[in-house]
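Multiple structures are listed underneath, in structure tokens.
Both complexes shown next keep chain A, but they swap its partner, so chain B is in the first and chain C is in the second.
Let's turn to the complex of A and B:
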């Protein structure tokens, strides 16, 4: 293995917790990376993938320290180096592409100055040479206006462009190894494709080794030669991308893969559907927007003429990219953002637009669950108090009756009863999202608006939440409006799908055959941009460039 | 033995409830409690009547008869400090509670309601904030005349806009959180939003602010008294004691040193206590 560029042997990284306890985060990890090879580290949050990636630069987050083992980069041993020697390696031998390029760029400096900063710090080349090289990299990364883009400020380029510019920043010092830390997680799918393509081509041309950290198997499959599956700081499985995807040996890898495989949703026949002829939710010609109101119309109009029907006991998916107005739709239906025109009917009754003019009973029937489980729970209230409040508010429950119902609700979302004495801060992400669901259920609603409720969760945890939603639907005769940008989740739970683009519904489709029946060009583009679990998907993907130019928000 | 230990370990002591705090905070609390005790029982403990001239010498040194010396008229300083505690601690406490309670309530209402109410109230209090505090105190007290209710209300009015700004800024941040949106969507009233959803999440910083504001109020009260507008003779708060005896400074008389030390110990210990509050209260929003 003398040809490896990076060798990691028996790496152990520890950390001191807030209470002063010492824990081991990485428990003896060994792997090699050959020159020109891209290795993906994959696992859920807390698996140690970012910690390992950072340690390759000799860096640990505060409170963490390398306890044992060694890391060789070429002939240099990073683990035994002084901090000063490591600093001289960073940018020239190893470099880093962060998850959020928007947060990594200084908004008050021009892009070019920031991209060539590494050459200045390490005195690699004169300024004009460096700028020349940067423009070459911009070109290689398929950036538009590559010769002038450097003179712009970070807010003047799009998110996908900024992410590619941060890759240019990482590549300018001709590193041997580039670390990508979830670089496309924050991007829309249509944007992601272009960024992945650009990364792949520059890496292949330069013969640079790469470490790609991600939780998304499908993305990793496009980029990586080899995949290392991590869980709890231990390597579960290591193999070529092909082998991991098609022939996994470890049970955890299989679990990850199965969580990715969409299980097509079977429509449930609602027991009460026959009694109610009116759909549970109907929206007619809905307009909504933000900002100061003039002549009854807000200055920033988001939703334009939205129509939808959701029959009782069925589930409606709403898909679209960021800025398409899907969250605004949920807010307009629930009355949090009063629509300025149009009608919202729940179970055939027209809802007043504003929250204030809706009665308690009208509010009770539709509940909303948000994406970020932690900010949706008041950190100062115990779980019991959080779940108890809607019971008191809507149903007037008190004392022992309420406590009993809280325990019942916790049982419904498969959480132990003693959790009710805890504070939200003491729960995991998945548990918090279950509590959010339980709070919505406490109102005994007919309709639950789910706004990206699984997007912030790990794949396996998200799959469990989806299963729970299905189970609850069978038991409680619920209907869901399910907003997501993740098509496989939508396929797994929805009967019908709406595709939204710039505040308008462009197409309504049955979820089962989304990909085959999509007709609107934007729906086609969106659906074809979802990464598939296939190593050849990206290279064989062909998209109409005119379509891309018209619709992709790159 | 085992039953006894399990029984003991089940007792809800502050430590087990997560309300324990460190030594510095405890020292601060001890000093505060000491002054609170003096404020209530001080006059009973005083060796001499506070207003009576007991020594023919002025600016007398510390002695067996007069533990902390005598003032410019030959009155016992210990007795006068014990008497002054009631004024300093009482007036400042009343004023700080009125200003912080008023400021926090208005601030939370402004943050939750928003719109024109928020704008009008904010601009009004900003304008009020523009008036220099000591000057405002001077004018009011000179116009209305000095009495304890006037002092309390004036001091409270001076510090209310600051407390309002602080509480409003915190509440605006909390108000954008999803759990507030959830509560609104449930149909909760403004009162519920303020009391149950926002207040618990701004309590920690508000308490810290209360401590700082208390110190400011003690100092402004002392300043007013120093200018002769505070508590009127023969009674005196600590600030007035410093003013009365300021000429003794050149003699190094204990009459001016000890009231100053009293002010310093109270203000510093309040800060020590507030800064070292139990983590559970201080960092609730985390």
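Let's turn to the complex of A and C:
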């Protein structure tokens, strides 16, 4: 195997659970990486992709341990090394680009000190040489103010810049292998393009091998030569990027790919639409913001003059990048953040601005479902109690009547009735999000505000949630406002789409014509930035630099 | 959102709050003492005194003026640097306290010099080798020290080192302190006892604060850059744990000025804590007030100092 840079043979990694049980999380994995090759590890959460990537550095997270197998990095055999010998390889032979650079940079140290720390730890070069090299890398990674950015603290630069700085940190010691652990997952799409391009060009110039861990096939298609598909700690399929994308053989790979297929939404005719002439939701000239209020206006104004109409039985998508005010819009409509100007009408009735001044009936009509079921569900309450509370609050249900309704609600979201005795912590991510949805359904709402409800879920799980939302809509005559940064999800469920940018609605258009009919320059930029399942997409993508300079959040 | 506050603004805000706390505490102590049954006139004249004699003494001491008036008078005096005069022996409070305070500060200073470096080293070490035999040993030791009352530690050490072994003098004050070695011997037992008590809490808090930062992604990142354990902890974890550690240390040390009455009694050490307890027994208000102010000032300055360290160690606030 002298021609391979890294050789993994029959790798098995075990873990000890909190209850002391031992489980195998990587079940005999073997692969090779050639010099200059970039290999992607792809799979859903829990598939073991990050565990494998970290083991290439001889590192396992606490509670995990390498049970069996060999990892060769060049001539070095990592599995049998002492911790001190492994430390001497880290940063010099193999280095790491983390998922969230914002968390991986020490908040109390300057960026430059952290970027060149590898040269200091391994005594590679004098400080001034290291700083010179770092500035060159900053330049190669297209960072703005590359000669002074190093003197700042991590909180003083943007997320996309930090992610590129973390790549500079990984490359400073001239490693043979760089591990990218979902490095663009936390970024906005317009930012992601720049970061991916920067990664690609520095990797190609140096002839460095790479491991790219991701759950996003479209992103992986842009950077990887070869793709390894993982599930449950086992390699399902391995092949070149073209092979995997166009001729997948394994059923799981096909499932992953089909979740990417745009399924255009067919409008559902509401059975009661004829009776109700008023739209289910109408927002007129809405302004909202945060911070101390002076003269009736908050200091940080977020939403500016937002108008929208959502007819009964239809679904409205709200898209935009982080900071565009999507979530603030949902919070303002629901009254959690009372708007300071404008009107919110639900089913033709004007709602009081603040949550606490709305009546029970007004509250019942619109429900909100939050992005993270983990934080939205009280970990100390059983599922039965979580679903029972709104039943008592809105409908005064008690005892057997309430229990029967809880079982019905679980059935609606396709979960077994015995789940009501469990705690949220004992459920999977997809199950928790279903409970989150069931809690909203408990109120018998007409309108559900969905705030990024599929963003934290794996592709396949998210697709199932979208199907569930559609079924529920047909059965229960619901309307959704669906907030997301993921355009294909919005396409799959929405009739109309609002594009938001810096708190304003810049464009409203039908969802199915989103790509072809967008007219506002920001909408065009945003839509063209969504990675496509095509290995040549990134290299052939041309974006107007003026447009990028004006709108991209970099 | 960016923090627009400048550090000096944050610091002066802390100082302002500290000053306000001081006024409130002095008010509370004054009126709490007023609520106690009996007053200094009754104490001085004893049980056999006639009501007329007590009344006459009260009048001559100015105790018959309303409490609020006396409080304001005392406060005005304090503003001019006058701590007042003791009711009991007509000495100025400044004179009564000065000797005692320097004794207390000397003891507190020595205990600080001994306990803080040891506590920080043990706490950081326990965090660094979390779960090891060393860590578990430290945990058991600190929990036992916290749960055993300090009079037990003090009495036991007197019994062992002074009575049975005869190595150290049982009483610190009045012992021969002419040579350095003699001084060391004289202070050994109170210092050891107090160090035990204040270190335990500091060790536990330091360990917890460091472990919390060790579990952050940026410390894992340092590991993946090839850093050894010592560098990870000292260069990456510790600077971010400085705020909570400084607060834990300040809280423990503030106890050393006013809270050491048991140790002062057992080792017959003339510090301010004992002075205040005696003053309460005789209802000597000016003395009680001044002692309370000293305790409060030392507590507040330690806490404010810790807050300032926390602010200055965090670039996002600086």
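Things to note:
Just so it is clear, the second predicted complex is superposed on the first by the 553 of 554 C-alpha atoms of A that agree within 3 Å, B and C clash if a C-alpha of one lies under 4 Å from a C-alpha of the other, contacts with A are read in each partner's own complex, and residues count from 1 in each chain.
Here is the rule we use: a contact is a pair of C-beta atoms (placed from the backbone, for glycine too) under 8 Å apart; a residue touches a chain by one contact, two chains touch by 3 or more.
This is a predicted model, so every value here is computed, not measured.
Within the superposed three-chain model, A:155 lies in touch with chain C and out of touch with chain B [touch as defined at top].
Of the two partner chains placed by the overlay, only chain C lies in contact with A:87; chain B stays clear of it.
In the superposition on chain A, contact is made by A:370 with chain B only, not with chain C.
Applying the stated contact rule after C-alpha superposition, one finds that A:7 touches neither chain B nor chain C. In the superposition on chain A, A:122 makes contact with chain C only, not with chain B.
Contacts of A:185 after superposition on the shared chain: neither chain B nor chain C is touched. No residue of chain A is contacted both by chain B in one complex and by chain C in the other.
Residues 1, 216-228, 231, 236, 239-240, 313-316 of chain C touch chain A in their complex. Contacts from chain A toward chain B in the complex involve residues 334-336, 355, 358, 360, 363, 367-368, 370, 372, 375-381, 389-390, 393-394, 425, 439, 443. Within the complex formed with chain C, the residues of chain A that make contact are 54, 57, 59, 84, 87-92, 95-96, 98, 100, 103-109, 117-118, 121-122, 153, 155, 169, 300. Only residues 177-179, 181-182, 184-188, 196-197, 200-201, 203, 284-286 of chain B touch chain A when the two sit together in their complex.
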